[in-house]
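Look for chain A in each of the two complexes below; its partner is chain B in the first and chain C in the second.
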Partner chain A sequence: MKRLSIWLAAPLLAGLAHADYRLETVAEGLEHPWSLAFLPDGGMLVTERPGRLRLVDADGALREAPVAGVPEVFAEAQAGLFEVMLAPDFADSGLLYLSYAYGDITANNTCLGRARFNGEGLSGGEVLFCASPAKRGAAHYGGRMALLPDDTLVLTLGDGFDYREQAQNAGNHLGSLVRLSLDGRVPDDNPFLGDDRARPELYSIGHRNVQGIVYDDQRDELLINEHGPRGGDELNRIQPGANYGWPLTTHGVDYTGARITPFRELPAFTPPLLHWTPSIAPSGMALYRGDAFPDWQGDLFVSALAGQQVRRLIRDEGRVVDQQVLFEELGARIRDVRVGPDGYLYLLTDHADGALIRVVPAS
Partner chain B sequence: MKRLSIWLAAPLLAGLAHADYRLETVAEGLEHPWSLAFLPDGGMLVTERPGRLRLVDADGALREAPVAGVPEVFAEAQAGLFEVMLAPDFADSGLLYLSYAYGDITANNTCLGRARFNGEGLSGGEVLFCASPAKRGAAHYGGRMALLPDDTLVLTLGDGFDYREQAQNAGNHLGSLVRLSLDGRVPDDNPFLGDDRARPELYSIGHRNVQGIVYDDQRDELLINEHGPRGGDELNRIQPGANYGWPLTTHGVDYTGARITPFRELPAFTPPLLHWTPSIAPSGMALYRGDAFPDWQGDLFVSALAGQQVRRLIRDEGRVVDQQVLFEELGARIRDVRVGPDGYLYLLTDHADGALIRVVPAS
Partner chain C sequence: MGFVLALLVTTLSGSLIQTQFNLAALAALGAEISLSTRLTTSLQDLLGFAPLYAGMVVLSLAASIPLAALSRRWLALPPALLYPLAAALGLWLALLVADTLAPMPTLIAATRSLSGTLAMLGGAALGGLVYACCRAGRTS
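Showing the complex of A and B:
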């Protein structure tokens, strides 16, 4: 298997070993798979954007019939079923969370639902949250989730593409992160609660389209990546109540080449930890904690769509000091990257005939 | 004498009495007078923008010869000698502060100087601060000063007109307020000191052209007014370290009519207490504490250039609840408004043949 070691502008880390790996296809024939979750029994759940939840059994077999009981989703362009995430007490409760687009082309937005999974289907589904207002079009939904150690969850939301100025308006949910209790209520320490004009669910604002999120428990840091326009993809460290500046600050320009703002950074806004200009189109994100690849310990992995790669981010005291481009040999848009309980990386390729791929040590 | 009572959109305060007043010309033949200070002996110092400091004796006579020892100023268009302010210990020390433009048309900015006044001339002049960087052109200097109760002073600075984006850059002084000790040093509790990239003198940023400032000791509030572009003049309450949003937020548009920003307010920026749209072009500002006009107790008075008036702002718990247009009968651009130790208002008209006018009760 070809080993990639395309090193970017940052200086090489002296003595850094390059891990040898092998790519294994676990499942094929997934239609635009978007996210996956690891079940306690060794199986996996995989979402497909058109609105199906698929089960991969512990033996690696993809069940043909999708899991029943998934909420009705609005599936078009970027819209559809997004993330599946197990509740912290899933082993007992069977509860899982799904994020998805709901509505129609004239009025839709990102919603969050919860249901009970019995190994076959979903039951007891309830809608916990829908981003407001509903908006026109089928782009920029966010839709990723992370659990925080205080038993709250953070859901990422997009700016709806045609509504970018609304990312600066705390009176709606466009272009933000929201934080909810596990049963969908507003935690009483949410950062915008003191502002009568702000939505109480908000956790941070000024985002464009956040499609990767990771909570680093060792550093107690919530990290997200977000799509910039043309250039200006960002990795951000989330501070509750902070404003990340879109569309008033960006390292990118409009798809037309037009300047969106004269500002790359401003004192009022939290700057990114790093930006990718030109864009890689970051999608999922994972933090490596595992035994299979000792050299990757503590590194971030960011999957990329247009970039057709996974970007490994090597950190030192939280600062990204080096980057490595991985898995370009797949020649695929990569929608998600996860670390399994086995310490292997799992990738989802974003294609009509998409695949679930496992990265294992070469030897 | 004509009594004006042009009430604006805000509801009338029930039972509010309209003060009867008389306008008296104290001195004429002042060339674009900009500010005045009341001397302990009953006299006054008046700056003229071309660079002269004039003395009005206690008997009201304007001395023909200007006060000697004024610093060299760059005088052109809006540039020149701005404010004169006495030190808190002036009666003992004779120290006074002058703000002024320094440089030439290609490179100039607002400076602050201090000198000793002996009743005739200035001596021991020293330059305490010059805004950086020097910029081209002759517009938007700020130049007003206020004393704070902790023996620091705040100096207002403009965005230099052609440099409006720099009002968002804490790495320079354009479009900001700065706070200095009375001998020109940086107070060790200035709000931007923790930011290595920021200028240590900064007190607030995101201003366009602040030409009125008042410290309200009863409410412990620092208030400023600033020129908007076309529309969007503002009254702001200053919080140390805050960003007032120019040019990312404004209720005005460009002089051409072009939109500067889609945002009137944003969560990241401190909104104005009120805005004047269309513009009145606010200049000086005073807080009325005196016995001559009991009805005006605690009101703010804002002089206006294009508006050719003084705007009286009636407050309730710090909120402006009503406004009254005064002194339009002068038909003059008014550069400054002050409250004398006698409780009378003093106005300076902004003309080549400008006047110092005193407002006294009609009866």
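Showing the complex of A and C:
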């Protein structure tokens, strides 16, 4: 482990207490790392977007050889291997979930697979779900997952960029969240069940590209962040069956400067809890519960790509009342932020030579 | 002067056209687009979209108009046909290059469909026609 030996006082917004921390590089040489999962033995699994799953041992050493048995992925631009998430009974079953892009440049979309990890490799892989229709291009896949307390999981999806109007079409999976049982079946109480024109897996619609998801067990809230276009990145509280408006409503404009819609909000659609305009390009998201940083208890942490930072969102009764910009000194696109079982924050930098970084208290 | 007018006509018509295509896509989803909303959005796009689009149009016209003039040695097309055709082809090429270079599949949303692309090319052809008319006025 290489210490950066940087002692930092985090940049502050008005009214916030100092939060001193130190950044430690746990592993380097990761190619566009996308997500990580903490293993019960203290190790970590890290996905690399080109399609590799890497194992970081409990002592912090990055295994040279990738984990064998990862499904074939479509790796191009934003496409590739996305999230790794352990099953709730992983300690007994060894089961984990992987989200990834599958197909080719003319026909692809996000899939969800499950396999058994024995500490060395994956076996018994099965595909539980693939979003449809297959679409052209290599943009906007979503790919994040969260477990709900009723033994279901929610998978985030994207609109495929060129298909933005399809986010309003419940007859496909583009621009939506889907909810599945842990073995991939459709839960009996999914909100769109009973609508013959809608896909039964849908949990919410009207999203653009959902890149972060967190379930807050204390507030019983499912929260997501999603990329807006130029401006209009959003934090949303998910209600089953709700429509979040994209592309009929957004606070952003197209990358060309063109208006995507005249409407920022409309009564028919659930508005965001907050939006970031100009964009920060939110990526991962974590809810802090731990002992290492008592001041951060219950706060949300949103990693950002274009913003090259992590936003700490301070909440009061679920409402975001303040924000703090963290870790800008890294000068890196940050793909994911997690809270480890040790109470430390873990960051993944989104570069061809990306790193896994641990945030620990300064003292 | 003819080049500047062609640039203005192509840019302004293209901006207005892409606005209408984007609004039509929203209307197809059930959005109510009032006349005032349409006018406001069109104006916003003239301020927000047209400057970037003008850059693309400048490059395409700077290549297509001289090439069209040069091709008159071999092509016996009247200028009122040749320059619109060249301007439209030039823009089409510019759109292809932009979509290849830009990280997103399609840079200008209105050109995701064939009808939208043809309408934008129609705006370029109009610009080419204006250039041909200016040129004819200058030489007559």
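FYI, the second predicted complex is superposed on the first by the 347 of 363 C-alpha atoms of A that agree within 3 Å, B and C clash if a C-alpha of one lies under 4 Å from a C-alpha of the other, contacts with A are read in each partner's own complex, and residues count from 1 in each chain.
Note that a residue touches a chain if its C-beta (ideal position, glycine included) is under 8 Å from a C-beta of that chain, and two chains touch if they have at least 3 such contacts.
Since the structure is predicted, the reported quantities are computational estimates derived from the model, not experimental observations.
Asker: Clash or fit: chain B against chain C, after overlaying the two structures on chain A?
Answerer: On the shared chain A, the partners clash.
Asker: Which of the two partners, first being chain B and second being chain C, lies in contact with A:Asn243: first, second, both, or neither?
Answerer: first
Asker: May I ask you to name which of chain B and chain C touches more residues of chain A?
Answerer: Touching more of chain A: C.
Asker: Using the touch definition from the top, say if A:Val253 reaches chain B (first), chain C (second), both or neither.
Answerer: A:Val253 sits against chain C, while chain B stays out of touch.
Asker: Examine A:Glu165 and indicate which partner it touches, taking first as chain B and second as chain C; both and neither are also allowed.
Answerer: It touches chain B and chain C both.
Asker: Once the shared chain is lined up, is A:Asp20 touching chain B (first), chain C (second), both, or neither of them?
Answerer: In the superposition, A:Asp20 contacts neither chain B nor chain C.
Asker: One more residue to check, A:Ile205. First (chain B), second (chain C), both or neither?
Answerer: first
Asker: With the two structures laid over each other on chain A, which partner does A:Asp183 touch: chain B (first), chain C (second), both, or neither?
Answerer: Touch status of A:Asp183: no partner.
Asker: Touch check for A:Phe263: first (chain B), second (chain C), both, or neither?
Answerer: Both partners, chain B and chain C.
Asker: For chain B, which of the listed stretches 76-84, 148-156, 256-264 or 328-336 runs into chain C?
Answerer: Between chain B and chain C, the clashing stretch is 256-264.
Asker: Chain A residues touched by both chain B and chain C?
Answerer: Chain A residues touching both partners: 165, 168, 248, 262-263, 266.
Asker: Using the touch rule from the top, collect the residues of chain A that touch chain C in their complex.
Answerer: Spelled out, the residues of chain A in touch with chain C are 77, 136-139, 161-162, 164-165, 168, 247-248, 253-263, 266.
Asker: Per the contact definition, I'd like the list of chain C residues that touch chain A in the complex.
Answerer: Touching chain A: residues 18-19, 22-23, 25-26, 28-29, 31, 33, 37, 40-41, 44-45, 48-49, 51-53, 102-109, 112 of chain C.
Asker: Which residues, counting only chain B, touch chain A once they are in their complex?
Answerer: These residues of chain B touch chain A: 165, 168-170, 195, 198, 205-206, 243, 245, 248, 262-263, 266-269.
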